[in-house]
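In the two complexes that follow, subunit A is the common piece, with subunit B as its partner first and subunit C second.
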Partner chain A sequence: MLKRRRWIFSLVAILPVLAIFAYVRVYPIGEILRLSLHKWDILSREKPFIGLANFQELFGDSLFRTALFNTSIIAFGVLIITLPLALVLAALIHHRTRSRFASFYETTIFIPHVVSLVPAAMAWKWIFDARLGPLNAVLSVFGIPPQAWLFDPVLSIVSIIVLCSWQALGFAVLIYLVGFKNLPKSLFEASKLDGASGIQQFWFVAVPLLKPITLYVSVATLVSAFNVYAQVYVLASDAQGAPGRQVRVLVLDMLENTFRNYRVGYAASEAVVLLVIVLILTAIQFSLLREKGTR
Partner chain B sequence: MASLDIANVKKAYGDVEVIRDVSIGVPDGAFVVLVGPSGCGKSTLLRMIAGLEDISGGTISIGGKVINEVEPKNRDIAMVFQNYALYPHMTIAENMGFSLRLAGRPKPEIAQRVEDAARILGLSDYLGRYPKQLSGGQRQRVAMGRAIVRNPQVFLFDEPLSNLDAKLRVQMRAELKELHARLKTTMIYVTHDQIEAMTMADFIVVMRDGVVEQMGAPLALYDTPSNLFVAGFIGSPAMNQLPGRLVADENGSRFVGAGDIAWPLETSIRTDRPVTLGIRPEHLVPAPDGQGVPARIKLIEQTGSETYVIAHFGETPIVALFRQRLPLAIGDTISLTLAPGAAHLFDTETGQRLTA
Partner chain C sequence: MTELAAPSAAAPGAASATTPGGRRKRRLVNFGIDLFLVVFGLLMILPLILLVANAFKTPQELLAWPPTIIPTNPTLQNITTVLAETPLSTWIFNSFAFASLSALSISLTSAIAGYLLAKFPSRTMTVLFAIILATAIVPFEVYMIPLYFQAQQLGLLNSLPGLLLGYLVMSFGIFLVRQNVIHTIPDELLEAARIDGAGELWIFWRVVLPLLRGALGALFVLAFFQAWTAFAWPLIVTSTTDRYVIETGLALFQTGFTVDLGRLSAASAIVLVPSVTLFVLLRRNFVEGVASTGLKE
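== the complex of A and B ==
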């Protein structure tokens, strides 16, 4: 009797949260899945079911393919830069934990993560500016000719990767720092006695033990990088100044399909493809980084 | 194998001195136990030998060579940690061979030395497993294996058995002792458990508040503790300590204490100062009525082989240990006297042992 009452109480207690979660998280996903199988122009009452026609069209759509390609390059680029850099930076900061500048280092690295996207991107737009930007000025000191960072098709993607990594780094370092602080000290002492140098301790002890953290950081970084939008929109305008066109990304493509072309169902199918890609990548990361010894 | 010499070693964190002028000479191949209550500095001293803590003053030498400024890895020591400190992501073989791998030894040699150590410790069947797949005792053995593989001059143990259950602890104690007999390497072992110290050591160093209180062979410490702290620390149950005075007249010496205690003592010590009589529980023996000092029994604990009796002389509590089974009950009065030659006398104020 008591058990049953407790069960009912628990259920009632979590029901509001569950309801909100279902409404803002689960329902939209379900709705996207449903919409992706329909044709809808936002205004009409008709939403005819068209099966997988949206998906069939997607794979012939060169704009979508470009967007998917660009987004993937950006996402993996960000991951490849952020992950090792964050790990090394966190190790250095952790190594200097007793320094009185420790909190300064942590704050400095974390600030980019808190700064609003658009102003940060504006600042970087200035840095990358071909004529006035400090980046080209610095390069010219070394005799490298000025580059059109934001207009060259390859360099503009590189610039976006740099900007996104700069933003993602603070969060990744913070999470890694927590990881470092939780590693048992005795393991480092034991490895010191075993003859490991600082770098060997990092490589043979810290890196493997931080695998769960690496898993979390890589999933979080990749997922957020796949949703790249504002950075591209601000940073990369095309030759006529149309924002976001220089480097087309998936979120921009979805937005355009929804609100410019009024093809909501089609955009939903893009979202579904993005969801599937992220799910598959997450699954791969989980299997790659699963802890040894637990199998 | 090498001797270890600790000379006037100090350790301070800012103004706080945790090790004060400690000097210990450890002969080659000895099994030395550092024992003392928490915070006495024994682990700090061990970590200073290992090189995990800086030495604030004095010198530590291994095999005659001062190692104060030598990197931990070049000190030729191996340490077993309280929580084992095994690398969770490495197999047992990898854990044990890690130091050799770092030293760049060839793979066949690493495998051979790991196998040899595993055979000594009965770990041969577990080499491919991970630490979390082993029991506490097995992990403990792996930690020792990791030390053995390095073939160091000195082994350091930091409370290695304190995470094990009582039965396993007794078993590992014997195994460690056996290991020492086989390897004949100098071992320094830190524990707060005086039973471990008594059973394993060739030589015990009792520490308190960063100072060595006494060092010597286990039985020497038990039989002639040099002060009240050592007297109370070594031995379980602890030595009874009864405050009182020493009275000498034509009938000889007597100890007179609270609770109508008056025992004749065979001693040539004469002092007017307050003294503390130390008497081990097993040295209190039942006496025929009228001859000993009557005590009221408050509690009886039977272990099977022994009987502990907690009794009061007036207000003064004492513990007595009897190996024979006596028909006693709580509330009874038992008459107790001292076994001949078993009394220890200490100066109550200084706590130092009184000698004739």
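== the complex of A and C ==
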């Protein structure tokens, strides 16, 4: 009797939260899956079911293919820069935990992760500026001619990778720091008695033990980089006549299809592709983790 | 005392650490690491420092080559014009309202759902928890377009409630609270309160919430910064200058035709001040919050 009353209480209490959750999460996720199979142009009232036609068109669409390509390059570029750098930085910060500068290290590395994206991107836009930017000024000291960072097709993507890595680094360092703190101390003492140097300890003891953390950081970094948009909007968009070369990414293409071309069904199929990418990355993470468990 | 990742050339066996030579070498290595980390940290914030410096430069100096780091002839002109000509304070206020209310809603919904999922086990709850976890994987950008049309149906476009619609709940927050409840609140404590005749609501307010203060503080700060740096959602939901948040206001401001670098930098510098101050004040909570996201496994 009492048990039953408690059960009813729990259901009644959780109901409002569930209602909100269903309305702002579950329903729109369902909608995106449904819309991706329909043709819906905002202006028309009808939404005919067209099966996988959106997806078929998508893979023949050169704009979408460019967006997918650029986004993937950016995501993996950010990962390649961020991951090793974060691992080494976290190791050094962890080693110097008792340094009087320890909180300075943490703060300065995290700040780019929390400041408003647009002002931060604005700072980088100036740094990359071909005519006035300090980057070209520094390069000229080494005799390197000025580069058109935001106009060159390759360099504009490099610039975005640099900006995104600068922002992603703090998160990765933070997660690695937690990892380092949770490593068993006894293993390090044992390896030290065996005469292992600091670098050897890092490479042969810490890195293998941190594999689950590395997997998590990799997937989290990739997923957030696949959703890149604000950075591109500021550094490389053609919005309202701002100069610069447009770097097309998935979210940008999706929003353009919705709000400029009014093709919601088509945009929904792009969102589904993004979702599939994220699911594949997550599946890889879990399967690699499990592999480690069985060994 | 583990010595981790000391890039010392000599093998610092247990013995060498105690000899005077080994100790001096280690101190030198530590000094090198500190120096590297200080320089690296400064480089990380250099772009922001340059931005603030630009805010105080005259138009002539902004065009000077090579660019200067510290303004030679500092002026407040940029800042006063920007404050006079753009609704910067409105945008800051909007961002602040959006981020605080979102953080409040996320903390509250996560506290309720997380507690119930942890302490009232039943088959229904297990299923609900599985659904919540599954949606946690889906990035916001994937479902924001249907959500936009829901906001439109409700007539909430271009309003604060419309902005909030996307940031009312956080799957991860529910998960975080559930784990915390399981690890920190023993069943015996709740049973004791029940035997004393306490009602379920009273237990939640007076026993559970105070014990979750740390976790909820971390979650609040995490949620605050999530909304504070949101970009795509405010960009599509808001459409008039008085409704913009910092991110969208500045982004659209910078694409205008008549904008010069000095004013842009001034605007950016002004909005960076609250971000950085808040972060420095709440750093401990934030670090705790982000750190717990890594402990999913």
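The rule is short, and it goes like this: the second predicted complex is superposed on the first by the 259 of 295 C-alpha atoms of A that agree within 3 Å, B and C clash if a C-alpha of one lies under 4 Å from a C-alpha of the other, contacts with A are read in each partner's own complex, and residues count from 1 in each chain.
The rule is short, and it goes like this: a residue touches a chain if its C-beta (ideal position, glycine included) is under 8 Å from a C-beta of that chain, and two chains touch if they have at least 3 such contacts.
Model, not experiment: these values are computed from the prediction.
Participant: Any idea whether subunit B or subunit C touches more of subunit A?
Facilitator: Comparing touch counts on subunit A for subunit B and subunit C gives C.
Participant: Of the two partner chains, subunit B (first) and subunit C (second), which one does A:Ile144 touch, if any: first, second, both, or neither?
Facilitator: Touch status of A:Ile144: no partner.
Participant: Applying the touch criterion given at the start, work out whether A:Gly195 contacts subunit B, subunit C, both or neither, answering first, second, both or neither.
Facilitator: both
Participant: Name the contact category of A:Ala123: first (subunit B only), second (subunit C only), both, or neither.
Facilitator: Only subunit C is touched by A:Ala123; subunit B is not.
Participant: Answer with first, second, both or neither: which of subunit B and subunit C does A:Phe204 touch in the superposed model?
Facilitator: first
Participant: Give one of first, second, both or neither to describe whether A:Leu15 is in contact with subunit B, with subunit C, with both, or with none.
Facilitator: neither
Participant: If you stack the two complexes on chain A, which partner ends up touching A:Ile80: first (subunit B), second (subunit C), both, or neither?
Facilitator: A:Ile80 contacts neither subunit B nor subunit C.
Participant: Just checking: does A:Leu63 make contact with subunit B only, subunit C only, both, or neither of them? Give me first, second, both or neither.
Facilitator: neither
Participant: Overlap of the subunit B and subunit C footprints on subunit A, residue-wise?
Facilitator: 189, 192-193, 195-196.
Participant: Hey, which residues of subunit B end up touching subunit A in the complex?
Facilitator: Touching subunit A: residues 50-52, 72-73, 77-79, 81-83, 85, 87-89, 98-99, 102-103, 130-133, 146, 150 of subunit B.
Participant: Quick one: in the complex, what on subunit C touches subunit A?
Facilitator: That would be residues 2-8, 10-14, 30, 33-34, 36-38, 40-42, 44-45, 47-48, 50-51, 54, 62-63, 65-67, 69, 95, 109, 112-113, 116-117, 120, 122, 124-125, 128, 131-132, 135, 137-150, 165-166, 168-169, 171, 200, 204, 225, 228-229, 231-232, 235-236, 246-248, 250-252, 254-257, 261, 264-265, 267-269, 271-272, 275-276, 279-280, 283, 286-287, 290-291, 293-297 of subunit C.
Participant: Quick check: in the complex, which residue numbers of subunit A touch subunit C?
Facilitator: Where subunit A meets subunit C, its residues are 6-7, 9-11, 13-14, 17-18, 20-21, 23-29, 31-32, 35, 88-89, 91-96, 99, 101, 103-112, 114-120, 122-127, 131-134, 137, 140, 166, 169, 171, 174-175, 177-180, 185, 188-189, 192-193, 195-199, 201-202, 206, 212-213, 216-217, 220, 223-224, 226-227, 229-230, 233-234, 237, 239-242, 251, 254-255, 258-259, 264, 267-268, 271-272, 274-275, 278-279, 282, 289.
Participant: Can you tell me which positions in subunit A touch subunit B when the two form their complex?
Facilitator: Going by the criterion above, the answer is residues 184, 186-187, 189-196, 200, 204-205, 208-209, 211, 291-294.
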